[in-house]
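Paired with chain B in one complex and with chain C in the other, chain A is shared by the two complexes that follow.
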Partner chain A sequence: MKSLKKNKKLTGFLLLLPLTIWLVAFALYPILYGLRLSFFNARINNIDNPNFIGFQNYVKLFSNSEFASSLLWSLKFALIATFIQMLLGILIAWLFQRDFPGKGLATTLILLPMVVAPFLMGTMFRLLFNESVGPIAYLLSGLTGTTALLGMAWVNQTIIGADTINRMPFVFINMYSAMQGVPQELLEAATMDGANAVQKLVHITIPTISSIFGITFLEKLLQSFLIFELISAMTAGGPGTFTQSVSIFIYRRAFQRSDYGMACAASFSLALILLVPSLYLVRRNTKGDK
Partner chain B sequence: MTRKQKKTLGTVLTVIAVVIIIVILDMGVLTNFLTAFKAPFDISSSPPKWIFKPTLDNFRNVLGKGSFDFRLYLWNSFVIAVISSFIAIILTIPAAYSIVRFHGFGDVILGSTMLLRLAPALAFAIPVFLIFNNMKLLDTRIAIIFMHTLFITPTSLLLFIGYIQDLPKEIEEAASIDGANTFQILTQVLIPVLLPGIGSTAILGFITSWNEYLFSGILSFKKAVTATVGTSFFITSYAVEWGNMAAAITLSTIPTALFIFIAQKSLVKGMTAGAVKG
Partner chain C sequence: MKKVLFALAALTMLLCAVMTASAADDAIRMVYWPGPESDAMQVVIDYWNANMAEEAGFTVDMELFGRDNIMLKQEALMAAKSADVDLFFTASRWLGKYWMHMEPLQPYLDNPEVNIYGADTEGRIPATVDGFRWLDGTLYGVPMDLSNHFLYYRTDLIDELLSNEEWKATYKKIALEQLGEELEPKEPAEWTWTDYLAASFFFTKAYNPDSPTEYGNFTHGKVMGPTAFLWTNCYWSFGGDWFDADGKVNFDNEAARQALSIWKTSFEKGLTPASSVNGEFAEDNEAMIAGQVAMTVHWNAGYATIDAEESPVHGKIAVCAPPAGPEGHFAYNHTLGVGISKYSEHKEQAARWAAWLYTDEAAKLYAEAGGIAPSKMVLADMSDQFPVYGYMVDVLNAYGKNLPPTAGIIEDMACGALADAWNGAVDFDTALAQLQADATEEMSYWE
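Showing the complex of A and B:
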């Protein structure tokens, strides 16, 4: 009996082995390699033989005003974009609780921007918002008074708009699926008692979906904070460093200035900052499996 | 107003609101699609033209033997996406089976993959670039496949855990009594019943890989470039080839857009797997 139990343990272990090897080789090893490198002065010309400089990269990083302002930009962006996208996603999901002709096709068309790669979405908008040839910039110029939507005055709003088009459908579909789980009888009973649509939303729908709401919110917040591909394609962080998110800052450090040591220090600090909310999210997510 | 009139009015208002939302959300994709069929003078005309004589020149340029081999980039994207999602499935089915039926240290692996999904990709990208550079693997499809597989595994694992949890334990027990070993149970009992799930997981993996930019971008520069990365090549220091770029974007969007039309249900299930579940 005991050997059978031991056997089972071994089988369970062997089944996990391939994935574990992959994770160790391509996730754990690179992370440790990067952590080590963050204590070295490692540039393109001495990458084979970098010199150890202790915590100097970290000291330089946290006294670098560009890093601080990129963190601030990302934080602001994450809060504003997440707020807008959660609000719109919930409202549209709520709208979709009603039946109307063509609902299936409408759902597909709302989800369409979600499967477009953020980088392609960015490249697309770089063209469509172009100051001289962009058709959408032209259409919007009635509202904004200028077609320079990627200039300083409008670029932040433009990026938030583009990101909303790209990512809000994710919130919509999460919230829509969640609302499907709201007990229909309860809503009907409330209608009988004379509750209006807003009362039903506040007192029945929102409490039922609050758990999924929380998870979606936090995941959206983390994702927005790390925004990279969309900005990389639309403005590459410009004009100047005006839309430099923290991911763009790190990317520039590593692949334009080839200051790998400092870029590793920055990405490692970022990972540490995000570790607590991420762990919380993982715990909430895996709880349901037990 | 009668109750029925009120209801009709509500439906009409809903449809109007939905149409406005769809126009705003899909405006970009649609306008880009139109631009791909415009001749250069139609693109640069101001005010922009919405009605014009369509041309296939941009697509001919992009797919022809121009300065870049965009056909190769599309092929690279396809090969990388197919192989990456295939490997991810091979890795995660046994892992999911172990987590659901055997317990052990599976929870640690599940937790790590989920953490991986949320971690800043650049924390991996910089060391991975240097490691592959050392191994002389830069600009090869295999290097990109290694990383794409890694980033497909979290969702893939989560989905298979869900599918296996839904299976009755009795099938495996019956097979086990008949003398089948774990490997046989996995390949002959489990995989056949998981096939529909494998299908939707594969689609999701394909999209993840096809749309990925950061790793495809830093690990390739000529031979292994993917379509998503290649679209940016139409922006040179001399000029931006707007028409060609729009055509390239359209071509790179078609495969993933197609899936949302033909396999919406399974896509939605996969994309919401992280947040929406029991």
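Showing the complex of A and C:
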């Protein structure tokens, strides 16, 4: 009996070993190496022998106005984009709860942008929104009054629109599948009691799916806060630093200026900043489940 | 079943051994930049592998790391001291960031056992060779592909402007209204930046409803080093430079304010398409081809696309040096090329290949395949076939200037600050003072 238990333990250990080695080598070690670098002046010219500077990178980072404005831009973008995408995702998922002709095709079309890599999506949007030859820029000009959708006046709205096309399907699919699990008898009972469609959505569907809703909201908020590929392809953070998200700030520090120490300090600061709301929301959702 | 598995394992091991052996053959590996440059380089490599490899004792393979972020990938190899590649791709403006990971080339060129071709640097345009020297004069690479800036303009529109009395009168009136001076239309080669703005106002529909183009010019505004280089033509012409004579950072000055005001006028007054604040090479080509703009300060590489036979503006495009300031005309240029990795395990072979790349034979092959080899003989001989080569020689001989190899260290912060200033997000004084302080601090880490 004992030997069987021992064998089971050993088997479990052996099964976990490859993944553990993988995680240590490709996740834990780089994280710790990055944390170490954040306390060094480490650039491509001294990467062999970086010099220890204590918390200087962190001090400089938090007195850097560019970092502050990129954090603020990311926060604003995350809140607005998440609100729009959650709203649209829920509404479309709700509309798709009933059958209609061509539902399968419509679902596929809505989900299609989600499977396109954001960088590729950004590159396509850069062409589609091109002021001189972009068809979308031309079609929208009736509404916006200009084809310059990547100019100062419209660039933020354009990025939010592009991100919505790319990421809203994620909200839609989560909400759609969660709504499928709402007990029909509850909805039928509400109908019998005279509740209209909106009342059923607000008082039955949304409370029932609140756990999935919370997780989707958190995931979407973090995705939007950390947006990189779409902006990199569409504007590279410009005009100037006008649409520079915090991820673009870190990227430029690390790979345009080769200032690895500062980039690591920014990455760890960002991780700490995001850890607090993430833990709060995870805990709230876990409590909700219980 | 066991036998099958055993046979498969044995076969896999055999294949691995064969692949390892073939990877370890007598080939050197060179990183290059994909696009027309690598198409040209492939022709040179194919020629070498077919005709020269036997005598030299090795073949050459080219590794394409992607046009975007090529240096990011090379930095990873440099930081890891990887021997995976033998020659790095580089550019004159990047040398200051990466020379410490590269091998000095001159000792190899001076060694007849390595440089069996007797090649030297004399055939290349001297400024392009100097672009591959560190500040102490050490040579680190081979200049392979030359880039420079021109003022592009529509000849049909400028000819009309210079001959049509009604257009001339409107031009004078608009110049007086917008710039406070009653200017006469001139040939673009004689333009100052004020003439450039006057012509831009004239060819912008918002100021001249009869303008055949929507906008006067296309001004690159995207946050990237090359955008700052285009502005640098203007900065030089007002007497400024990125570094002063002592090598100190030099942005917070009157010349920078004047040059910024030229750029800002184009964006603020709508003389350039509004999206050009995020525009660069491709968008500029599109705007010119679409007939949306009348002129642009742009890269030489755009000529082949803008004046291509299928282009609606084919035959209506001419180029000259960018407009002049009080210090005259300047035409920015830089050179792409290759240098030997300090971590290569085949340095002598890499140096033999680099030495051959310095020959006119290699330069001619490269140029015939569409590259722009900075060889005096090749550019002169091929200007009938590729007219843009002749224009380059003319403009660069008269007005060519490049940035020092340290420019790459601060190009990202320069383009960010300058772009913020010309699109009006930050005032000139704040942007330039911040750039001066940041760039000075950054340079202190590279001394």
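To be clear about the criterion, the second predicted complex is superposed on the first by the 272 of 290 C-alpha atoms of A that agree within 3 Å, B and C clash if a C-alpha of one lies under 4 Å from a C-alpha of the other, contacts with A are read in each partner's own complex, and residues count from 1 in each chain.
Rule of thumb we're sticking to: a residue touches a chain if its C-beta (ideal position, glycine included) is under 8 Å from a C-beta of that chain, and two chains touch if they have at least 3 such contacts.
Being a predicted model, the structure only gives us computed values, none of them experimental.
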item: Combined model on chain A: chain C and chain B, fit or clash; value: clash
item: Partner chain(s) touched by A:78 [first = chain B, second = chain C, both, neither]; value: neither
item: Touching partner for A:262 - first (chain B), second (chain C), both, neither; value: neither
item: Chain B versus chain C as contact partner of A:152, first or second or both or neither; value: second
item: Per-residue contact with chain A, leading partner among chain C and chain B; value: B
item: Which of chain B and chain C A:252 touches, first, second, both or neither; value: second
item: First (chain B), second (chain C), both or neither touched by A:61; value: neither
item: Contacts of A:47 with chain B and chain C, given as first, second, both or neither; value: both
item: Which superposed partner A:133 touches (first chain B, second chain C, both, neither); value: both
item: Partner chain(s) touched by A:178 [first = chain B, second = chain C, both, neither]; value: first
item: Segment of chain C that clashes with chain B, given the candidates 40-48, 76-84, 148-156 or 364-372; value: 76-84
item: Footprint overlap on chain A, comparing chain B with chain C; value: 47, 130, 132-133, 255
item: Contact set on chain A toward chain B in their complex; value: 8-9, 11-13, 15-16, 18-20, 22-23, 25-27, 29-31, 33-34, 37, 47, 92, 95-96, 98-102, 106-121, 123-125, 127-128, 130, 132-136, 138-139, 162, 165, 168-170, 173-174, 177-178, 212, 215-216, 219, 222, 226, 228-229, 232-233, 247, 250-251, 254-255, 260, 263-264, 267-268, 270-271, 274, 278-279, 281-282, 285-286, 288-289
item: Of all residues in chain B, those that touch chain A in their complex; value: 10-11, 14-15, 17-18, 21-22, 24-29, 31-32, 35, 43-44, 46-48, 50, 90-92, 94-95, 97-99, 101-107, 109-116, 118-131, 133, 146-147, 149-150, 153, 157, 161, 165, 182, 186, 207, 210-214, 218, 228-229, 231-232, 240, 242, 245-246, 249, 252-253, 256-257, 259-261, 264, 267-268, 271-272, 274-278
item: Sites on chain C touched by chain A in the complex; value: 69, 71-72, 75, 78-79, 81, 97-98, 100-101, 221-224, 273-279, 283, 286-287, 290, 292, 409, 411-413, 416, 419-421, 423-426, 442, 445-446
item: Complex contact set, residues of chain A against chain C; value: 41, 43-48, 66, 129-133, 137, 146-153, 155, 234-242, 252, 255-259
